[in-house]
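Below, chain A partners chain B and then partners chain C, in two separate complexes.
After this line comes the complex of A and B, so read on.
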């Protein structure tokens, strides 16, 4: 059940994040970007980290986890994304994947 | 941890080096679709001394460095292809001085253009170079890419607004060099400031810039007009010039592009045909006269519909900018529809032709694009002849990628044939190196490239600054 759930989450994240063209327009409205040490504290970073996670090309390092959990889920970035990505949906799904990965490892 | 990352952590102290491969990947790509695999770590200098420490280390160890602003380049200018270090300037973003008497702002390279303009607006001033990515693009990135924008016809590009620079050179001492002045008039021998503008991080690391600033216009009036014939649209602009008007912006979109973009714009505008958006900055007393002149000139040239706005606020409310703002998005949605998949790429070209050849350029672009089996999305800055033809493609389809490349090459050839240039405001990076060679040959001046290589050698003898870019 858990692995099916994780696979569904990964498929959703892959589909949404494949729309990102890395323009960064979303970053202009993000309230957390300037409070973090790197690009991962903004929507462009979160979307692209989520893509790497969903493709199995990155793991949940502390930098990645902090990137996802520092998001306020305010959706300000949604107003600017030319690709119409559900950025907050991607962040929530990635957090869920993280929780599942912790349950499995526990 | 690689020894390079570990060395850099020792040199710079805590919190300024990241080598988590996932985070490094965020600094290894850009909107052009290009991605590099070479970065070992990303470093985040917080002072000029930090930059000098990084460069000293890079010089000693012959490690390539890739300076970056916000990675919004469309030419592959900031992508790390060889094994090396990305230097992100994002933490150096102070405004050191705004001096209205001298008409300058002295800033760090990492400040974003819109953030600078928010500060300048408090004084009724602005920095007028406005690339479409100005909400994201940094001043340092714009300097290095020689950026332009919608207001190019009136205000020019970065090279017209950078008075002086501070930069770190790639030599043994990481020499700090200051070039240029705080004044518009400045004859300091060879113009090294302008040499650095547009050098794409290949000659030095910019650590501070003295920028010209200018007062915000008192009022801007706008018309949005639609035409059946492109010639009529172009004649409108010619007539405005003949009336001694230099518009603040003069944007156009080709008819099919308008049709695609209006579906996304969600505005009550009867958009059909080729679109012209003109904005003219005026004193309040002249607004009525100017708006009347704009409308009359458009109607005299057979505009079918003309929408007017007395101010930028009114233009926003009426949605006069909405269709133009969806230029890029419309190509994304159209390509997704055509290919039936979400993962698509859009290649945005950047050429310039003399404004007098614009009508011919648009027709030829349409022919070329059809020949390669794509649909042309076309908009541009009609005031300065800068065109942005774009096509969408499937990044996983090798045959389509090859066709896009051939299209790209032919578009650049067209620009040269019409007496223009293959790059107006996006730079050379890696994507236009072939174009630069073509242009040098077209000018009968292949020596130009030798001179550029010689300059590169003088500034960067070990070839560690953004290697593989420009020449």
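After this line comes the complex of A and C, so read on.
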């Protein structure tokens, strides 16, 4: 998903993450969850942190940044998500929001 | 577990804007492998390496540096200081890659050229049109930097007369085939992966035979559907292919894509995958420079080589 500004990114993230049913099927396949210190190192955690960010209910704390930037974008989670969420797209869009918030990419 | 992300992103953005590569190194490292090969420079089909094989020795040197930083509580601060001081520590570390790794990347690129030539593919290599694709910028969410970079890459390919490009790794194939058309207005270059091209040509390579364990890269397997092509080529070259517990679409990541952000995490994942591969055999085939680098770092007891070397009888 190409970023066309923060609001478009938020709208995309809200739409995708609204499909999450919290089933956790994605977690068994994630390479990073097993090695991470919290659930944000897995796809379910990432999807729900992204949802909170997009809704303006969370900010980019170090835990949120770690959650998003520890993702390998390997798409293993896509194989088992019954909601068909574009989880990697959500992670990328959330990273783009972070970049915009940090004014890294002028 | 994750380094100072903002500082790493700033480094990547600044360096890419400056010299087209997300690291403080001379862009010539991307094209020097072809010097003396006498490849034609003009043609409407260009070999576009995307620079990933060539950059891996430098990324490995960076990861070694970052692993040291990560082990210190002040890692983020040190990285910030390094950037402010003109990246002296960082540039110094990256400027000294392992020469064997540099030579290995050149050997892979030359093997790919030989395979294409043997298969009867007509192509040119224009050094001024080759360069880094920007895939890491896209992955990191640096959308504006990536867009500007992609436009520059596209313009130099067009200027060189490219109507079709041959890509050689999963990340570059993915970004050129799936992402550039979305980010670059009017993108009209056909993208073809070399493994697909070798199969289309009905090329039968000749290798040294024996049993090999195949490691599918995530992007080939899940995004681009390149699963059968490498297997058929390896089988034609006389190898018996051993499948790890997780293979094909169910493959397991090498841990690579985050090595410059979370090196320790990356190494843990690579070790897990290397163990899994070793259950089937010692000789491992990789199809991606990132997988090659990460699995090599973690699987010291394995004999890991790029598919191009197996197919050309050099492994």
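One rule holds for everything that comes next: the second predicted complex is superposed on the first by the 99 of 106 C-alpha atoms of A that agree within 3 Å, B and C clash if a C-alpha of one lies under 4 Å from a C-alpha of the other, contacts with A are read in each partner's own complex, and residues count from 1 in each chain.
Criterion: contacts are C-beta pairs under 8 Å (C-beta built on N, C-alpha and C of every residue); 3 or more make two chains touch, one makes a residue touch a chain.
Since this is a predicted model, take the numbers as computed values, not measurements.
Superposition of the two structures on chain A leaves chain B and chain C fitting side by side, clash-free.
By the document's definition of touching, of the two partners only chain C reaches A:32; chain B does not. Once chain A of one complex is fitted onto chain A of the other, the partner contacts of A:58 are limited to chain B, with no touch recorded for chain C.
By the document's definition of touching, of the two partners only chain C reaches A:99; chain B does not. By the document's definition of touching, of the two partners only chain B reaches A:49; chain C does not.
The three-chain arrangement built by superposing both structures on chain A places chain B and chain C 110° apart around the Cα centre of chain A, to the nearest 10. By the touch criterion defined above, A:22 reaches chain B but does not reach chain C. With chain A fitted onto itself, chain B and chain C come no nearer than 11 Å, counting C-alpha atoms only.
Within chain A, the residues touching chain B in one complex and chain C in the other are 37. Chain C contributes residues 1-2, 5-6, 9-10, 13, 138-145, 182-183, 218, 222-223, 249-250, 252-253, 255-258, 261-262, 265, 268-269, 272 to its touches with chain A in the complex. The part of chain A that touches chain C in the complex is made up of residues 2-3, 31-32, 35-37, 65-66, 69-76, 78-79, 92-99, 102, 104-106.
Per the touch definition, chain B reaches chain A in the complex via residues 15, 18, 20-23, 25-27, 29-31, 33, 42, 44, 70-72, 88, 90, 112, 114, 133, 135-136, 328-329, 332, 342-343, 345-346. Note for the complex: chain A touches chain B at residues 15, 18-19, 21-25, 27-28, 37-40, 44-45, 48-49, 52-53, 57-59, 61, 63-64, 80, 82-83.
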